Amino acid sequence: MADSSLISVEEIKKHNTIEDCWLVVNDEVWDLSEFAPDHPGGGEIIYKHAGRDASLSYNGIHAQSVLSSNLDSSKLIGALDKRSVTDEWSKPPPSATPELKLHDKPPLETIMNSQDFEDVAQRTVTKKTWAFYSSADTDCLTRDRNREFFGRMWFRPRLLRDVKRVDTSTTILGHAAGAPFFVSPAAMAKLVHPDGERAMARGCVPNRIPQGISSNASFPIEEIVSAVPKDKNHPFFFQLYVNKDRSKSEALLKHVRALGVDVCFATIDAPQAGKREADERVKADEGVAAPMSGAKASNDKKGGGMGRLMGGYIDPSFVWADMTWLRRHWPGKIVVKGVQSWQDAKMSADLGIHVLLSNHGGRNLDTSPPAIMTLLECQMNCPEIFSQIEVLVDGGIRRGSDILKCLCLGATAVGLGRPFLYATNYGQEGVEHLVEILKSELETAMALVGVTSIDQCQPGLV
Amino acid sequence: MADSSLISVEEIKKHNTIEDCWLVVNDEVWDLSEFAPDHPGGGEIIYKHAGRDASLSYNGIHAQSVLSSNLDSSKLIGALDKRSVTDEWSKPPPSATPELKLHDKPPLETIMNSQDFEDVAQRTVTKKTWAFYSSADTDCLTRDRNREFFGRMWFRPRLLRDVKRVDTSTTILGHAAGAPFFVSPAAMAKLVHPDGERAMARGCVPNRIPQGISSNASFPIEEIVSAVPKDKNHPFFFQLYVNKDRSKSEALLKHVRALGVDVCFATIDAPQAGKREADERVKADEGVAAPMSGAKASNDKKGGGMGRLMGGYIDPSFVWADMTWLRRHWPGKIVVKGVQSWQDAKMSADLGIHVLLSNHGGRNLDTSPPAIMTLLECQMNCPEIFSQIEVLVDGGIRRGSDILKCLCLGATAVGLGRPFLYATNYGQEGVEHLVEILKSELETAMALVGVTSIDQCQPGLV
Amino acid sequence: MADSSLISVEEIKKHNTIEDCWLVVNDEVWDLSEFAPDHPGGGEIIYKHAGRDASLSYNGIHAQSVLSSNLDSSKLIGALDKRSVTDEWSKPPPSATPELKLHDKPPLETIMNSQDFEDVAQRTVTKKTWAFYSSADTDCLTRDRNREFFGRMWFRPRLLRDVKRVDTSTTILGHAAGAPFFVSPAAMAKLVHPDGERAMARGCVPNRIPQGISSNASFPIEEIVSAVPKDKNHPFFFQLYVNKDRSKSEALLKHVRALGVDVCFATIDAPQAGKREADERVKADEGVAAPMSGAKASNDKKGGGMGRLMGGYIDPSFVWADMTWLRRHWPGKIVVKGVQSWQDAKMSADLGIHVLLSNHGGRNLDTSPPAIMTLLECQMNCPEIFSQIEVLVDGGIRRGSDILKCLCLGATAVGLGRPFLYATNYGQEGVEHLVEILKSELETAMALVGVTSIDQCQPGLV
Amino acid sequence: MADSSLISVEEIKKHNTIEDCWLVVNDEVWDLSEFAPDHPGGGEIIYKHAGRDASLSYNGIHAQSVLSSNLDSSKLIGALDKRSVTDEWSKPPPSATPELKLHDKPPLETIMNSQDFEDVAQRTVTKKTWAFYSSADTDCLTRDRNREFFGRMWFRPRLLRDVKRVDTSTTILGHAAGAPFFVSPAAMAKLVHPDGERAMARGCVPNRIPQGISSNASFPIEEIVSAVPKDKNHPFFFQLYVNKDRSKSEALLKHVRALGVDVCFATIDAPQAGKREADERVKADEGVAAPMSGAKASNDKKGGGMGRLMGGYIDPSFVWADMTWLRRHWPGKIVVKGVQSWQDAKMSADLGIHVLLSNHGGRNLDTSPPAIMTLLECQMNCPEIFSQIEVLVDGGIRRGSDILKCLCLGATAVGLGRPFLYATNYGQEGVEHLVEILKSELETAMALVGVTSIDQCQPGLV
């Protein structure tokens, strides 16, 4: 190597980021930016030495030739100019540099789908947050089947249709929406981002994606609703856990209604909380609380299950007859959330109440049926309900093609819960990005089965 | 690091337990209590050095920076005060300290489900005990499918029912029980705990869980029955292997009856023992014996299979006609244990004899059908039997939801065998804990499918 | 070891290739040619030291005895003659010697099936080429099921037929062919070999395998067609993406027709490109372009997906009615490529247009149905079409037995896309080799189900 | 440790076998006999040091405390008496000691099932032998499904029958047999044992298991038949590949007949050899030959596939009409081997010729149907054939329960091929042991489904 190609420490030090990552190994300077993510031992150990001399760590693990035999020679920048070495530079790297932490999130533009968001969340949120969000009842069979069942359904595409213009816009429960999906209400979004549900709201605005707000949201509902300028008239749905003390629910409903919200999801699948063992095994931070419901995280001898311990106020005596009570206190639209059998769906339709087929993300009763299965049973046993009420669906939806399958089988729209929580890890921009991804996937799927608007979806396509 | 934060050896030595575990690595003091269970190399090597200097072991495996890059800086307690180091403290740790052994059981309160009990047993009981308990016939297909089949059945929950009060109590074979499950008779509980079946009995009392007692129990039945105060009137079921020498069985029945036991399980699925290869491969301790049946563990040229070698006295000529004989010698209730086809279940019902659908935990004939499958075949081919006799079920039941599925399909109650053996690893407290877990899981499942008492269970829910 | 068996460095240096690979380890000379491919640590590290002293690397990893205890003693050639050692020879091996590179292709004669070609391609082509060729829409479920579905179909062989002479020749779309398969048109073969589609063409000649040429081929069609001597009269099929600017398509069709090509595949399953995430994640080389369509590789904020970015000119408004337009500009045979439902197949048959059942290798819509499934649905719902038009099939075909199954179910011939791309990695010889493999596998399968010519295939055999 | 417990090298050296294996590690003497098979790094490295000082190897891998923390203290025999150490003893162990070789077979009495035999064979036979025996056509789907399909069939046991005496004896093709199974003819048993088919014959005698002899056996048939004393009247079946030169087949049949053999299996599923890629990839030893057929192992440009290269003489023109020819030259019983569809089975029954449902162990046509599937199709489509001819079955049978399932579905007897080859690895004793295992498993399975003789088997039990 000619003397002219010697690289100075001054130069090397500049390349100290994930995107631009040089290392010195035994006096050779290598550009490992591209290789690092594929490093069998993980990228972190490489990033740790970005812009530095990694010889010591390297030689403890690898033979001298591993680098040169695994990398293209174009990645060898040159030889270290040893005269430029300083004492400061030679020190071992500090244990954690702010820009290169083990738990750093990759840039948002590298996130391609909802699974990417989930993977990043698993690596970067706290153990407790991950346990609370990702856990489900006992053996998590329902949670996992929720997703798998979509992969087992085949389309029957109809091609050679003009699909130049594909339009995903629709109306959900009386509200115009940019796409046939909404944020399924999920608790405690602040655990993943300081702006929590407020960031979510702002991220939903550009495409008019309705946001379901949980009784156990991290913020009072007025703070969430006010995150969006009033003139946007953004659609919000309120999710209610009926309180053992009905007067508290009545007051809450009145308060919500006063904010202009006109859709109420009455959750019926949680008279008792499921046993989310991963959640129980991690101690909860007792400072966490839900301002609207007043629920607080705590720990007892069964463990630190936030789902269980925050659900103590929910009334297990809430029954069909109470719908009269609910109607009295809620003049807007009512949706029962958590219907899991075609019989209950039909009963609800007979009462003129909309349904959200849902198993609570598999969180409450393991081996409760995936919603897509209940939806199919409705098509077989009581197809008339689809013209009587709106049938919504959630659970396991991760792709635009999943959404399209639900619509073909009669759903008005679908909800996504965990994906929005994981996207909120990136704040408002993350939520916007997720919406764009899902909408784009849906458009592609629609074009490729040969439909251009939501109302063209029909069972023959699946 | 300021001098004021130096930590003395006196202080460090105090943090020498699994719950509170400090280590010194290269003169830094770290709190590894939380990290240790996640250590890729296992927690034991960390616990071994609790309260000590682990530098030597550490440096042999890890680069200096591994600790600081993987742990939150809050776990770094401070720097070692080198002046406080003593010769005694610097020695390598003894090879095994009583409180930190590799095979130590985790605290009972961290056990969340029956699988946890099983995992602990696998790690902590002797090789032979594990082989004897866990093994099954040849390729273990039936044993494994027993469990899997429950995961493939879906509920059809009915919600918006008042489930404030869920009551699991029921009557099994004439005995009031706190929950619709019982201890399936299994042999030789002493292998896992010195109090064996006696500890089990005591653990069953608080919730009135009937205990089935095997002919091959580790204790004579009178010692098991007397482990519970007489005034508790605790329900016991006696499991009989009919002896080739009928007079011995007659004497035994008379003896059992005299103790006040009025239910007899006549085991019919073991005219020949299955081939439990894992059991055969481990030499048996020839001192082990079952006092009631007189069976003794031994070894022969086929191996050390306790199941096979202790079953030599069982009469393979026991036939349906012999039920007359049994009735003559047993005025109480009779249950044939090990029915595996709907035809046999119907034959038993015609004779007015109760059945326990069971494949002996998959231990006798591989690819014999899971009991839940036989139960379904009964529902399809001879539903009338459910009003004629009690149909019990065992095999693969591990969750409250599994229990509920059996009840919905017509079973009066279900038995659990291995889970109770593994819980007995913790003695009476372990058994109580398991009962609480199962009962609590059952209550949750009942509430979430919308039933509040055992008699509301019906096939439409599955 | 006798002095007479000392081996000189001069001798050792000769054995420095993959096929003939000696190494010196601690003064013993070993022949590792046979062992190297099985080396748990990979063969490369061994090849790197071929003909050299590997002691240093070896001792860093293995105990002295590993070699002698794992290898037959016949592999120990003898002891190193230390007097022959030179300074030059003792140096560590260069980081990459031309004949032993990590990414070297194994000799063509060791390639036994299409999977071998794929495995080699994965190791030896550029990251971008692999990503572009192998990727498919979103979760790649359709791509993978395409293959799996063939493994789930069983033959019903009829034996004791005279199968001395098995003849695979047939007629495809009016052209005599040596076997009932063709190259499915796939884009950009130059990425894998400088001669790209031209090498493919030459490799197809010996067995008269028709070649489908993509609109996005790396060469202008005239250069591909002219790669084969005119007097061979080799069959080529032209695959058209209809351009938003129809006049461009018209000019292209005219040009193609003038070259003597008389079959046009009109692709209908790509009105919008699928989301091939693996392709998007790798930056495209912006120098790459398709001369016929004018499409160019590029990168945008969504990523570097060549499939998406090169498909921008495709007209999503192309509909059934446009078949009239196509017929006007193409007097030859027309095949609609990408039919995915029996309804569309029937519609095409009604118009007298041939079909290629295809899901574009799973690249456009995930969970679109495997073509073999659509073929079965055609047999069930509209069997009459098989006598009206030719039904071709592609997707997931890798074995001669796969081809036979399609023929039995009514297909005239089948296409293979990726396998031909991966074979082109070896140029013309690779393509010839693949054709021979497939034809030979097909002959064997035909003989073993008891048919000797293509027209004897019938549904009862599957 | 008291001086009295010091162990001398003289003593230690005695414990140098697999069964009794002591090692010295850092001056402590450990008994590792029991632990060695569970050693994560394999038992061989431990056996290599049996009776020796293993400190050097040990310390290179493990921390000092690993032994003491993983093993019961009872395994610590004592401390090394250092005064007894000799120079000879201190040397590193030789690379391979006869009694402790890597490829040593475990004692026969530790073999519990046919899978154990297979596992040992995989480790101990030559690469080529393993490739030839274990390989199957292309992707080996049929070979693997052959086994799996048995695991998916459930018994419907009928209990409380008198099963004191279970009798497995039966008549196969006119010959009394001790159990309803026979050796399926397989080629070249000498590859696995010098006595090859002769050892097999002797191992079959005690239980009167008929032996099928392949045309490609390693010995001339007269040498195999004569391995058993004439007065045993042992049943042999001759398997014929019809030669392209019929006169050769005629001569061979005459010769075989003269030896008193009266059953001929005419193989019909090998008009062309399958593509056994594992076999092709390993070079054949060209010295290997089959004396009866004259077939010789060789290598060509396709590879070293013994199956393919030795099958060149087989006549692919052999057809149903030729049965007349065969009958003329074979007055004894005729079985067509390799029937794979119920139609062919029926055709054979119409001709009064017995059938062996077989797919040649999956070796010839991948995705040809498992014989148990063809057997089921016969039960459904042509049940009458079971009273007209004997229906035999082979392929994937490894357990007594597999045998029983075939019998229940109408088979007279079943054949096992590979299991007998793998058992021959242990010579005559191995074959006897395998027969005992299978017979014992069958007896157990019969008792547990409630039958005591072969003629009681019926479809309702499966």
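Chains: A, B, C and D, in written order; residue numbering restarts at 1 for each.
Here is the rule we go by: a residue touches a chain if its C-beta (ideal position, glycine included) is under 8 Å from a C-beta of that chain, and two chains touch if they have at least 3 such contacts.
Keep in mind that what you see is a predicted model, and the values were worked out from it rather than measured.
**Student:** Any chance you could name the chains that touch chain B and chain D both?
**Tutor:** Common contact partners of chain B and chain D, which must touch each of the two, are absent.
**Student:** Copies chain C and chain D touch; is their interface built from the same residue numbers (over half shared) or different ones?
**Tutor:** Mostly different residues.
**Student:** Fitting the CA atoms of chain A to chain C, what rotation angle results, rounded to the nearest 5 degrees?
**Tutor:** About 90 degrees, rounded to the nearest 5.
**Student:** Centroid from C-alpha atoms only, then distance chain C to chain D, rounded to Å. What do you get?
**Tutor:** Chain C and chain D have C-alpha centres separated by 38 Å.
**Student:** For chain A versus chain D, what separation do you get between their C-alpha means, in angstrom?
**Tutor:** The computed centroid separation for chain A versus chain D comes out at 53 Å.
**Student:** Can you tell me which residues of chain B touch two or more of the remaining chains?
**Tutor:** If we look for residues of chain B contacting two or more partner chains, we find none.
**Student:** Per the touch rule above, enumerate the chain pairs that touch, sorted by label.
**Tutor:** Chains touch in the following pairs: A-B, A-C, B-D, C-D.
**Student:** Which of the residues in chain D end up touching chain C in this complex?
**Tutor:** 44-45, 48, 57, 60, 92-93, 95-96, 102, 138-139, 141, 268-269, 271-275, 277, 280-281, 301, 303, 315-320, 322, 336, 338-341, 343-344, 364-369, 373
**Student:** Spell out the part of chain A that touches chain C in their complex, as residue ranges.
**Tutor:** For this pair, the touching residues of chain A are 63-65, 67-70, 73, 109-110, 112-113, 150-151, 153-164, 166, 399, 401, 440-441, 443-445, 447-449.
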